[in-house]
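Here the chain labels run A, B, C and D in written order, and each chain numbers its own residues starting at 1.
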Amino acid sequence: MPNSVDIPEHAVTRYALRVRFCETDLMAIVHHANYLVYFEAARVEYLRRRGVSYAQWAEQEGVHLPVISAHLDYKRTSHFDDELVVEARVSLVTRVKVGFGYRILHGEELVCSGETVLACVDDSHRPRRLPPNVLEVLLAPERP
Amino acid sequence: MPNSVDIPEHAVTRYALRVRFCETDLMAIVHHANYLVYFEAARVEYLRRRGVSYAQWAEQEGVHLPVISAHLDYKRTSHFDDELVVEARVSLVTRVKVGFGYRILHGEELVCSGETVLACVDDSHRPRRLPPNVLEVLLAPERP
Amino acid sequence: MPNSVDIPEHAVTRYALRVRFCETDLMAIVHHANYLVYFEAARVEYLRRRGVSYAQWAEQEGVHLPVISAHLDYKRTSHFDDELVVEARVSLVTRVKVGFGYRILHGEELVCSGETVLACVDDSHRPRRLPPNVLEVLLAPERP
Amino acid sequence: MPNSVDIPEHAVTRYALRVRFCETDLMAIVHHANYLVYFEAARVEYLRRRGVSYAQWAEQEGVHLPVISAHLDYKRTSHFDDELVVEARVSLVTRVKVGFGYRILHGEELVCSGETVLACVDDSHRPRRLPPNVLEVLLAPERP
């Protein structure tokens, strides 16, 4: 296996969510830390649409994917009750790491873009290789 | 041991904290769910001032105290950067439960009062008796 | 108008949500403060299914409904990725207050029940009467 | 004024905080989104130690500093009740933007490093120049 893997075009999921009241701050906009939460919810959905529950991976296979770096560019504000679409796309796969790129859209407007890199670790937080079945799921298209 | 225990007057701790930006909402006030977080921080401090780290209790003694009921009365709004004092007082002790009463003050003003009841459980979330050393700490005064 | 109003049976909404990773705590269960957030999300949905955006009410009519008291009974734990149903039912309507009762279910299991009372206030946090159109929406059935 | 400003060595503040129970996740570590919250709390403290309340700036001078980009590198895990030190250092000042660099330490260990860039905007979220008194505070040493 080479150091990194070609990512197919279909390695993308679009996840819709609504901004909750408590996610706003006194500027009446979504507090910037919440976009990391939205990214995470989209990653979980990315797996679910490929037949995997991240909770079961963690419990049954001891596969955990903590975030080791994150980048966010805030383009526009979003507000309470906005319906946002979080587009999550696999952007990097190596033996031990996975990268996701994100675009958060409100209608046609780009609200936030970003990237997170996740490391594969075991139950004791020690690095481990991405198991073949995990790799396969990451690079698969959404199930019908 | 009787069904409930007399609570000494000294079973109280006053914990100061500052409202964080992200704890406000679009009404420019502290979001009401955060008061449960403030209550919890005061409980942890209650134990610390009696020589106990709740983290160590959980890890070393398998003593966990999840919240089984909560009540909150919101009296006045509080705001970003307010310095609040959370007064936490043991209000109930039985064989398997502990109650805390709270008053959150901003200067002289009462912002919020409330109560939580915690059950004693083991690592598997099964009810267990409050161990004698836990009881002792709960009813002790703050250490100098 | 009498001091309180009879509440019709149809004044209920059931809102499904999934537990997010970040809503869990080190006990691997949903942190208890998040149930207030779930209650709130269900209230917003209650209004939406009756044709109202709470955001628009606040902006266009100056009607705000801050929580003035809350009660929660935690019955069972819930976990990451659980699909929960939050049942929100109007339980009280007076000239200036609205009460909601809640039951959070995971399948057939009752996870949490609770109640919140909201006061009607204007843009300056001063009490005001519930306007007739607000009352009407609160007591209406879901739209088809 | 040039495009960017030389930053004095004293433009740094070290802010201590304790990890709250609710800030952990089911991996029993601090959830990664909370580090943005810790960064923010350190920025507010940075200003306070230079005689400024960010809340007053916002209200009285219409100066707001929303985050327009953020980067985080997670180096080690941190846990409930850890006492962390957040070091916030001004890293960039232009006519309309301020950058802060951060290092979060647990004892000697580097837990997380990162950077945020903030834009200066007015009450309507429109870009505005950093006022001279704001610039002065950003580049000042801590008050005794």
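Brief remarks on what is shown
Here, contacts are C-beta pairs under 8 Å (C-beta built on N, C-alpha and C of every residue); 3 or more make two chains touch, one makes a residue touch a chain.
Owing to the predicted nature of the structure, the values given are computational and were not obtained by experimental measurement.
Pairs C-D and A-D differ in how many C-beta pairs touch across them, and the larger number is found at A-D. Among the remaining chains, the Cα-based centre furthest from that of chain B is the centre of A.
Mean C-alpha positions place chain A and chain C at a centre distance of 29 Å. Between chain C and chain D the centroid-to-centroid distance comes to 35 Å (mean Cα coordinates, whole Å). Taking the mean of the C-alpha atoms as each chain's centre, chain A and chain D sit 25 Å apart. In chain B, the residues touching two or more other chains are 21-22, 26, 29, 33, 37, 40, 79-80. The touching residues of chain D, counted against chain A in their complex, run 26-27, 29, 32-34, 36-37, 40, 58, 64, 66-74, 77, 125. In the complex of the two chains, the chain A residues touching chain C come out as 20-22, 37, 40-41, 44, 53-55, 79-81.
Put simply, chain B touches chain A in their complex at residues 21-22, 24-26, 28-29, 31, 33, 79-80.
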